[in-house]
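Have a look at the structure below, then the notes.
All chains are identified by letter, namely A, B, C and D, in their written order; residue positions are counted from 1 within each chain.
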Amino acid sequence: MLEISGITIRYGPFLAVNAIDLRVNEGEIVGIVGPNGAGKTSLVKAIGGIVRPDAGRIVFQSRDLSDVPAHLRIGLGISIVPEGRGLFPRMSVEENLLMGGYALASAEEMARNIERCFALFPVLAERRRQAAGTLSGGQQQMLAISIGLMSTPKLFVLDEPSLGLAPIVIAEIGRTLRKLRETGLTVLLIEQNAKLTCSVAQRIYILTSGIVRHHDTADRVMASPEVLEHLI
Amino acid sequence: MTGLMRRWLAHAIFALAAFATPLLLSGNRYFAFIAGITFFSVLWATGMNLLYGYTGLMPLMFGGIAGISAYVTIGLSANGWSFWLAMLVGSVAASLVGIVLGLPALRLRGFYFTLCSLVIQTVITLAFVYFVNLTNGDVGISHIPLPELPGGRQLAGTAYELVLATIAVIGVVVLTVIVESSFGRRLTAIREDDGLAETLGINVTRQKLAAFFVASLFASVGGALYAPYVGFISPRSFDVLLSLNIWVMVAFGGRGTIWGPVIGAVILAPVPFVLQDYYTIKDVVYGLLIIGVVVLLPGGIVGGVKRKGRADAPAAVAKQAAPVR
Amino acid sequence: MSDTTLIILLSTITTGLMLGLIFSLVAVGVTIIYGSIWMPNAANGQFFLLAALFAWSTSVSWGLQPALAALLVIGSSVPLSYALEILLVRRFYDVPNRNISYFVLTLGITQILSGIFSITYGVWSDQFQLPPLVPGVTMLGPFPIANNRLAAMLIAAVLLAILFALLRFHRYGRALRAVFQNRDAAALRGVNVRGIYRMSFVLGNAVIFAGGVLFACAYSFDLTIAWTMAITAFAIMIIGGPGSVLGALVIGIVFGLTQAVASIFASPTIAAFAYLGAMLIILLFRPSGLFAR
Amino acid sequence: MQKGYKILATGCALALALSTTALAHEPVKVGFVTELTGPWSFFGTSCIAGLKLAERHLNPAGERKIEFEVVDDQTKSDHALAAARNLDVQSKVIALSGPTSSDTALAINGYAEQNRVPFIVPVAAFPQLTKPGTHYTFRIEPDAAGWGYAIAQFVAKRKPSAKIALVYSDFALMRAIAAGLKYSAPKVGLKIEPEIVFPQGTSDATVQAAQVRAAHPDYVVVIGAGGFDNTLTNELLDIGIKPDQIIHPYGITTQVLNWGQRSVGSYYGTFFDANLDKLTAEGKQFVDQFRTQNGRPPSYIENYCYTTAYIIREAIDKNPSAADDREKFRDAISALKTKEPTSGIPIVFDKNGARKEYMYFMQIKDVQKTDYKSKQVFYIDWNPEAIPVYDLVK
């Protein structure tokens, strides 16, 4: 579904991402694990069209994305929840969800998706009028995931959903992601938290200093924790 | 070592040109006067460069500080003080006011402070109009006597312009010394990221206030000398337009470089005088000049020329700050 | 309550509202543009004056119906904004510290416009007055108020209400606020950020133009109002919080009422000192404005 | 700079060569620094329009030619000063003239006195321009403080012991007029209440209009300029003050046209108009020509600038050696005893260069789109010593 080949991103003299190849198949959950500064977020920005890569190609459903501007990628079915959650802090929960479905053409689908999100996270329904910036960290992350789901995506990209959350909340996020896996959604999960990622994803890429160091199934990565420890 | 020598060579050439100009123009009081006004602009632009170019603060009440100094100096010398003593007291007093007016900069980040200083400048102008007893209100003060030199002679004509040239040269040298000192490096660190500067152990508050004091000193020395040179001051002499003009000179020439603001002042200050006969198009030409530089040389003249040399750098900066959408 | 007290009370309220609504309009225009494109539009006062002068030309020189003239002028801001956006504004969307580039740019525009005004309109008169939108006087109890001014006030209020509703409830308004609050996230949700930039520039200028036209309808004016209005609009934006439409609205009306009330009890100069001083104090305690994010 | 120096050197050499040859055939140059751009540009350009009409009659055949060198001062004092310096040093003008605002006039006044250049101010009423000790400055417009005096005389004649509401903008000129009125009113038994001052940059005055009305005054004296003056007057009329209760110490034609039909009965002073009782044939021609060219009747500004050209001509005609010597020119102007060619009103300067004072008030009727009628209702000539103008305004 998503095919990344030879992507390179530079900021001046600094090489953030160095010729990465990566592949996500339909219905699959793929995890990217790596430490701070590994180039994970740059990669997400390139998929989202926020940063233009210096080299390489991103192909989504056999369509080359290099000429597709950021705001049109969501229409193709790519939905990204960026690092820092990408909320609109002074808008209410409901308005945030409406923004999540900004690309939707039909009001019906919008209403349906909002109901689905409220079903997934009932706490959001309770707080639908509250400003997003005043929610707790965990609730904000739930809202972020809901926003991402609002556009009925084909590919769901999550950047660091566990960042700054308490372990108990991280566990809850994990449960949610596994629930999403059952619905057949294709997910690209970018995380520092390898344990969470391995518990959700089927395949894992390990990224450090802008290079893919290791690539394997989640089970095998879990089975040999020394690889992880060595690399991260 | 050669770099250092080259730097001081530029200063020497500047000083030579500055001193030669009034002498060469001494036959024509009008051109000499324009040169004199340009020296004020050089001094003021250099002072504002310390704040805007090196500390990253954009104070649009600069003209107001010059005005406070001018009014204090003229007020004291009208009460029988020697002009030079009055100027010393006036400049220091105005610079202390400058520190107080700089206080909001400690709390306000980036452009908020600029907008705030715009309002501060408006308050200062209002105060000049309102405190009639001290400033003679909007009538202004005319017939300002020329400064007395020791020996009873008056500072006038070419001698005055030479003094102004000296002050302008001293201003540029002082800025260079500051920029190369550890104080200057601390200021630059603050400009780049004042949070980071704080963690590096720099007392951001004290450095910013010190920068305000020094820059205000540039403004106020200029203000004190401006009043007798022009012979007339009124609240409109030191209004927001002066501050904006000085700032435009800095941005136009290239902020954060020693010579950019000097070049900006030398180009822009004489424009209204040179175009005096073409008054119908003067403002339009001035405006187009500013727009042209901003569009074609975003870093100002000096910054733009420097940047052309390392073409890839700004693109990288642009990508980091405001990514492609 | 005696008639005298009532007259002074009613005149204070109407003056405060009239000025406040116009301040609000201009400040909303300024804050929409600053909030989205980071453009501190120093030329906003000149745009305001341009609208007022153009309204004068169309209604006095060309003899158009005042209402028609007003619509024409506000409409004319759209092609003007588009042209400026394509020629100049667009170039800086990706420039770091673009607010400073924009500030210089708009100062250049200010210089050009004020130069043009002084050699065109400035030659004709030192003051300009439009024919009334609605003639006659209405009695509010003992207080007579010109219908013209009531109409201008009403239109300003309606415009602000429409604007507020647009930004609060319409899809585009929501997208605009989303861009204010989190540009990248908005782009990821499918918002065409450049499109929003352009729209907010056009909308902001149209609102400033509307303010200028209504001012010209309610008051006689001269070329000096440009700077007064520019500084006032900036002050309102700072206090209200850049990018906050609600802030601009509330603080604008507070400014207008303060000016009206203070002019009875104290010297208006003291009033000017007082509210600019209040602004500084507010900034020291809430540096990002009262209604900031 | 090199190039500039060369031009300069050539210029100096030329000037030197010229000064040694006979100057008699050279035109007499007068520097005219005025407000062609900036906030006061209307006054400067109107002034030039008046001056241009005078230039037609200025140079009859066989007489030494007089040339005006017009320079813009952007309504800024430093530019006015630079322009004055340029005209003095470069063009070697015999005299300076032109400013129509107090700011620029005061700046040039300082330069002229310090550098001994005769300076004829066409339009600037601020008293300090001709304060005691002034030697080179002459002012054609009457003293602002004196306008206040004239208004007091006028009101006292209309209604003894009347109550006046005084409303004025906080500008130097307006304060000077108000000071004259406040000094003179009690002396003729008038009461001033309330007194309301507006800061610069005000735009609304409904509240103050309400205060004025609450005081039930017999007359309201409105001293302002520009858009605000107009707004204030409209607001006073809105709130029920009668047009003939409102007195403007001065007004310009575009302002009158702005008032439209509602201005019936307003009073104006120092106002030049086709309906002056003393209008001469040349004056009638001046009004007609001006109206043809500019689409509106002239105001006092245009009249005084027209008159400026006239008195320079007269001074030189009476005393040809004054054309090449600034001291003699000053003396010639100072000794002039003549009349405004347009209105026949005498022109005599006192020892400080202030003109002896003459005031006339016009009642405006029948305002059309570009025209109006007016009737002269009051005229007073008086001695400037009647009130201590220089002590009233610092």
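Definition applied: a residue touches a chain if its C-beta (ideal position, glycine included) is under 8 Å from a C-beta of that chain, and two chains touch if they have at least 3 such contacts.
Please read these numbers as outputs of a predicted model, since none were measured by experiment.
The most distant chain from chain B, with centres taken as the mean of CA atoms, is A.
Compared on C-beta pairs in contact, B-D and A-C come out with B-D as the pair having more. Annotation: 36 Å between the Cα-based centres of chain C and chain D. Separating the centre of chain A from that of chain B, both taken as means of CA atoms, is a distance of 51 Å. Separating the CA-averaged centres of chain A and chain C is a span of 42 Å. Taken residue by residue, chain C touches two or more other chains at 115, 118-119, 184, 187, 193, 269, 272, whereas all remaining positions touch fewer.
Listed for chain D are residues 36-37, 170, 199, each touching two or more other chains.
Multi-chain contact residues of chain A, defined as those touching 2 or more other chains: 49-50, 69-71. Interface residues of chain A facing chain C in the complex, by the touch rule stated above, are 48-50, 69-72, 74-75, 79-80, 82, 86-91, 95, 98-100, 102-103, 133, 147, 151. Contacts from chain C toward chain A in the complex involve residues 171, 174-175, 177-178, 181-182, 184-193, 195, 293.
Those residues of chain C lying in contact with chain D across their complex are 4, 7-8, 10-12, 14-15, 18-19, 115, 118-119, 122-129, 137, 143-146, 149, 215, 219-225, 228, 259-260, 263-264, 267-269, 272. Against chain C, in their complex, chain D makes its touches with residues 36-43, 45, 170, 197-199, 201-204, 206-211, 213-214, 225-231, 234, 238-240, 252, 254-255, 258. By the touch criterion stated above, chain B contacts chain C in their complex at residues 58, 103-104, 107-112, 114-116, 118-120, 122-123, 126-127, 129-130, 240, 244, 248, 251-252, 279-284, 286-291, 294-295, 298, 317-318, 320-325.
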